[in-house]
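Each structure below is given as structure tokens.
What follows is a pair of complexes built around subunit A, which joins subunit B in one and subunit C in the other.
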Partner chain A sequence: MKVSFPYMGCVTGYKKILEMLGHEVIMPQKPTQKTIDLGVKYSPEFICFPFKVMMGTYIEAVQRGAEVIISSGGHGPCRAGLYGEVHEKILKHMGYDVQVIIFDSIFRDFGTFYTHLKKVRNGASLIKLIKDIRFAFQIICRMDEIEKKIKILRAYELNRGDFNRAWVEIQKLYDKCWTQQDLEKASKIAHQMINDIPIRKVKDDERIRVGIVGEIYVIMESSVNMNIEQNLNNMGVEVENVQYISDWVKHNTRGFFGSSKAEQMIGKARRFVKMNCGGHDMENIGWMVDFKERGFDAVIHLMPFGCLPELITQSAIPTISKELKLPILSLSLDEQMGTANNQTRIEAFIDLVRNLKSAPKTEVKEIEDEVWNAKLLKQELAG
Partner chain B sequence: MRVGLPRALIYHYYYPLWKNLFEQFDVQVVISDITSKELIQKGIKVTVPEICLPIKAFNGHVINLLSKNVDYIFIPRFVGIESKKWFCPKFIGLPELVGYSIDGVKDKMLTIDIHGNREDTCLLENYRPLCNVFNITEKELKKALKKASAYWQEFKQYCMKGFTIEESMQILNGEQMVSNTHPEITLGLLGYVYNIYDPFVSMDIIKRLRQMDVKVITFEMMHEKDIANVFSKKSKSIYWTFSNKIYGAAKVLMNDPEVDGFIHVTAFGCGPDSIIGKLMELDSDKFRKPFMTLRVDEHTGESHLQTRIEAFVDMIKRKKFAEQRRELA
Partner chain C sequence: MKIYIGIDVGSVSTNVVAMNQNYNVIFKEYIRTNGQPLDSVKKGLKMLEKNLDHSFDSVVGVGTTGSGRQLAGIMVGADIVKNEITAHASATIQFHPDVRTIFEIGGQDSKIIIIKDKMVVDFSMNTVCAAGTGSFLDHQAERLGVPIQEFGDLALTAKKDVRIAGRCTVFAESDMIAKQQYGFSKAEIIKGLCDALVRNYINNLGRGKNLEPPFIFQGGVAANKGIKAAFEKEIGHEVIIPQHYNVMGAIGAAILAREYIEKTGQKTKFRGFGAADFDFSPTSIECGACANSCEVIKVDLNGKTVAMWGDKCGKWTNSLVG
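Now for the complex of A and B:
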């Protein structure tokens, strides 16, 4: 079968597993402006941004010959659980003969899961399948580990672009891995490559660390979030992203492996919200608390326009920011890809964070705040 | 004791139930004013900008209630009333959305979590927190819930006879209803109760349609079983309760030769509607039935709505009469 999948996070891993099962992989392209335009044209107007990008990716893949698209599903209440059904309907309506296979939770509906698995495994034995999945998962974990490291060190690179060039090489390296030995060797070389890149030394108390939280697709995919991590790194800021495919897989198979990091985060969010609303909203609030506890300087919250669960987070952000005394910037992203607006806002935000860090510690009095508010109210009433 | 009910969101569906329930405990039920431009503007000021209109309206109603000297404002958290089905995330996070947006509402909020698989929500666990607030025993609550549930079921019976929610309420209060004159065409009006029955949001669309001799069918006029039966077991269902009802209603009506067309009323920024809207649009194409989406927001201008429904109704009438003439000839 000619198989394709959405472009999200560490695509090398998905490619590997499908190739090992003997499928021909139509590699999805990194979303471009053209992909997004194509997706927007055929998607419902008010659907979330990730749906539109995926729509564009699928159309491009189908035009290049994909017969089957594989993606993950969900059971609500977030809209992402219905993506697959709507995508398939739209593609069929456009006249493309394509099948969208959605893997839902194995615990909810084992029957459907198994029939899908049978189609995808291509006659391979169950043991080979499990072995392949394990191997691909290992690749993803290793690559995520390196990516995490890059996002921290890239802030201090001496020659702009060194890390990105290395990352391209590393991806190729992992793409060629077929056995455990290959993988060990590749990892060793990759870490060596990263460590060899010259960086400038910074004192510990001068480091600025920013956490990125938000909807999984937009924080993971650099082409739809206007390359925010690179941008922050260019400003000399370390970045930690909260979502990686490896973590997501671990969370969704926690039935096998025990509790996940996400569950801890949900526990931390309890003081602000009572219930998870479907996406990663509660987890994200937990991460904000976690970042504060670990001494991060600021948090940037990204969401697609009109994202249902993240809107709940967004409403709580002013209160959270005040109570945690942590600067939080919330940005909502959509198909309007002009960079100037977000670039300006991020620069201003980082400037403020930097000043806050270097300024002598002063206690801001709440009373001043109240006096100021009363004054403002008076002015407003006076018109 | 005075308890405020915001006249927004799911209020339109459960008002008879809650009113009956609260009044059994000698609680005075205070309802916020009918939605107006000023009321919505107040809501918009405090709510995150990109959220849907119904939530902005809800916050406006809560602010309105704060000025009415109430002891509590009833803001239930709707999680689910069917197994494996949910409400839109904004309903699940409603207490947070309101609490973090409006100053001084937190200590007045009366919140209960609604779970379970009963449409009338009348499970004892759901309403147990009320015991402490109203100073009643669990036994009294149980009895009251039973009574309120029966009252609500009666209300639903009237809905299924083809009366709108407003009319059903009037019948419950003992008023007589004259059934309307001979309609020329029948339209399926698809949309959530908080869009269709809010006279400000939908600009009284039912009344307008009836004036054009249109018979209107909405999802609450149909039987639960009919709606549930149209979905095949294999396909993945829409996992929001009310979206599923509307999509199911649309599917039933598509197969009904008496229905001549559909109007989908949706609010700007509605998440679930972005999905079922597209699905219904694709289906209507398959069944060759006219379909129109009316997207409403806080901008008030009746003429565009009037023009669009007039044009839509005129086209359907013309098509229908032409077909009838052809049959006669």
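Now for the complex of A and C:
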């Protein structure tokens, strides 16, 4: 089968597992403006931005010969749960004979998961499948580890582009891994490559660390988030992103690989919101608390324009920011976004964070402006 | 006399100021951008040179801000290129050190900046909807056949209040027509529009923020007395309009340039007033080397490439040395 999948962050791991099962992989291309235009054209107008970009990615993959697209489903009241079905419908409607297979959480609906698994398994034994998955998962974890390191160190790179060039090479290295030995060797070389890159030395109290939270697709895929991590790194800011494929896999297969980080995060969020609204809203609020606890200087929250779960996160941000004394910037992204304005917001935000950090620490007393809020509410109700 | 130059290139206007060592603004000019940011900057510089007529010794620092900050910065040889929010705040803090809340309404966007101890602690910026910006007023003034300069004064003469739905430009427009048919006077409608703009602005940008006095109101729209009055009514407090309300961004850029020069002890990178005659041509090329197909902006100065950006991989940015 010629198989493809959505492009979301680093895709080497996905590719690996499908190849190991003997499929021919049509590598999805990193979304470009063309991809987005294509997706927008064939998607319902009011569907979420990630849906549109994935739509474009699938169309491009199908045009290059993909017969099957493997994707993840979502759950809860938000639209993510319908992505696969609607994508398939649209593709069929366009005249492409293609199947979209959705892998939902193993534990929620094992029956469906198993049927899907059989299709993808390509006749391989279950043992081989489990072995392959485990191996691919290991690759993903190793690569995530390196990527995390890059997003910190790249803030201090002396020759612009060094880390990105290394990362391209590192991806190739991992792509060539077929055995545990290969993997160990690749990891060693990769870490060496990263460590060898010359960087600027900074004092500990001058480091600015920013955490990124938000809707999974827009925070993972740099082509739809104005390459925000690189952008921040260029300003000399360290970045940590909460979503990595490895975390995502762990969350959806909990029990398989140990307990899920997401669950801990939801626990931390309880003091601000009572229930989850479908996406990663509670988890994201939990992450904000977690970043604060780990001494981060600020958080940037990214959401697709109109994303329901993340709107909930967004509306909680002023309270969270005030209570945690943590600057939080929320940005909405979609196909119509003016990057210039978001760029201005990001730059101003980083100025703010730097100034706060270098300012002498004085406790300022907060004056709750109940009257003000009550007035605002009254106006909102009045339209 | 040593001077600092600040340039604010926005989509509606390009502002150029010169500031002396005592933070006095000795020259300011507000030029319509008309889609030609570089030409407006050149024009602004020429006017500055002519106006000051060698009454100063040297330009010791230059800063740019606004949506066209990057390109303008390269053209003039700016020492610092800063976003509008930081620039606006720097200027306000200089002239009103106790400021807590800045309302800024320009032609295309509007902002609220919250300050504490002379530091920006929060901000928000509206860009999606035109209903909270100067163009909304321009447009409505045109509809009503009232010159925008008289708009504010007329609003002040209104005897009655009329509520106009201000959530969005389209609604405001149809509501305005309806209210006109009910027999409200022009002055009342205009006052209603000012109230709607302010209400809309505060609802959108002030959400979840503690707005505390002193309030400073700046940007091109601050000239409008009707809006100022609407603000004062809305928040129940006096609103201060700074002397140079319409060029605060440019002043901020000049101040930041000064801070930068003083901190680093560097010499300015200003290309001189001759920059206005340079052959300066930005072009965009589509790189086809990978599927990203980046639109790369390439800037040539007198035939030599001086800057490139817009590439996702750094291939072009890195190809320039120095």
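Following the convention adopted for this analysis, the second predicted complex is superposed on the first by the 360 of 383 C-alpha atoms of A that agree within 3 Å, B and C clash if a C-alpha of one lies under 4 Å from a C-alpha of the other, contacts with A are read in each partner's own complex, and residues count from 1 in each chain.
What we mean here is this: a residue touches a chain if its C-beta (ideal position, glycine included) is under 8 Å from a C-beta of that chain, and two chains touch if they have at least 3 such contacts.
Note that this is a predicted model, so its numbers are computed, not measured.
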Which partner chains sit in contact with A:Phe46 here, subunit B, subunit C, both or neither? Use first/second/both/neither.
first
Would you check which partner chain A:Ala340 touches, where first means subunit B only, second means subunit C only, and both and neither mean what they say?
second
Between subunit B (first) and subunit C (second), which, if any, makes contact with A:Leu311: first, second, both or neither?
first
Does the superposition put A:Glu24 against subunit B (first), subunit C (second), both, or neither?
neither
With both complexes superposed on chain A, which partner does A:Arg160 reach: first (subunit B), second (subunit C), both or neither?
second
Which partner does A:Glu323 contact after superposing on A: first (subunit B), second (subunit C), both, neither?
neither
Kindly classify A:Glu184 by the partners it touches after superposition: subunit B alone (first), subunit C alone (second), both, or neither?
neither
Could you tell me if A:His93 is touching subunit B, subunit C, both of them or neither one (first, second, both, neither)?
first
Common interface residues of subunit A - those touching subunit B in one complex and subunit C in the other
318-319
In their shared complex, at which residues does subunit A touch subunit C?
29-30, 32-34, 159-161, 164, 223, 227, 317-319, 321, 327, 338, 340-341, 343-345, 347-349, 351-352, 355-356, 359, 362, 364, 366-369, 372, 376, 379-380, 383
Mind listing the subunit B positions that touch subunit A in their complex?
47-48, 50-52, 77, 79, 84-90, 92-93, 95-97, 100-101, 113, 235-236, 238-240, 268-275, 277-279, 282, 285
Inside the complex, what are the residues of subunit C that reach subunit A?
67, 82-86, 109, 116-117, 119-123, 125, 127, 165, 167, 199, 202-203, 206-212, 291-293, 312-315, 317-318
What residues on subunit A touch subunit B, complex-wise?
43-48, 73, 75-79, 81-82, 85-86, 89-90, 93, 102, 104, 272-275, 277-279, 281, 305-306, 308-309, 311-312, 314-316, 318-319, 332
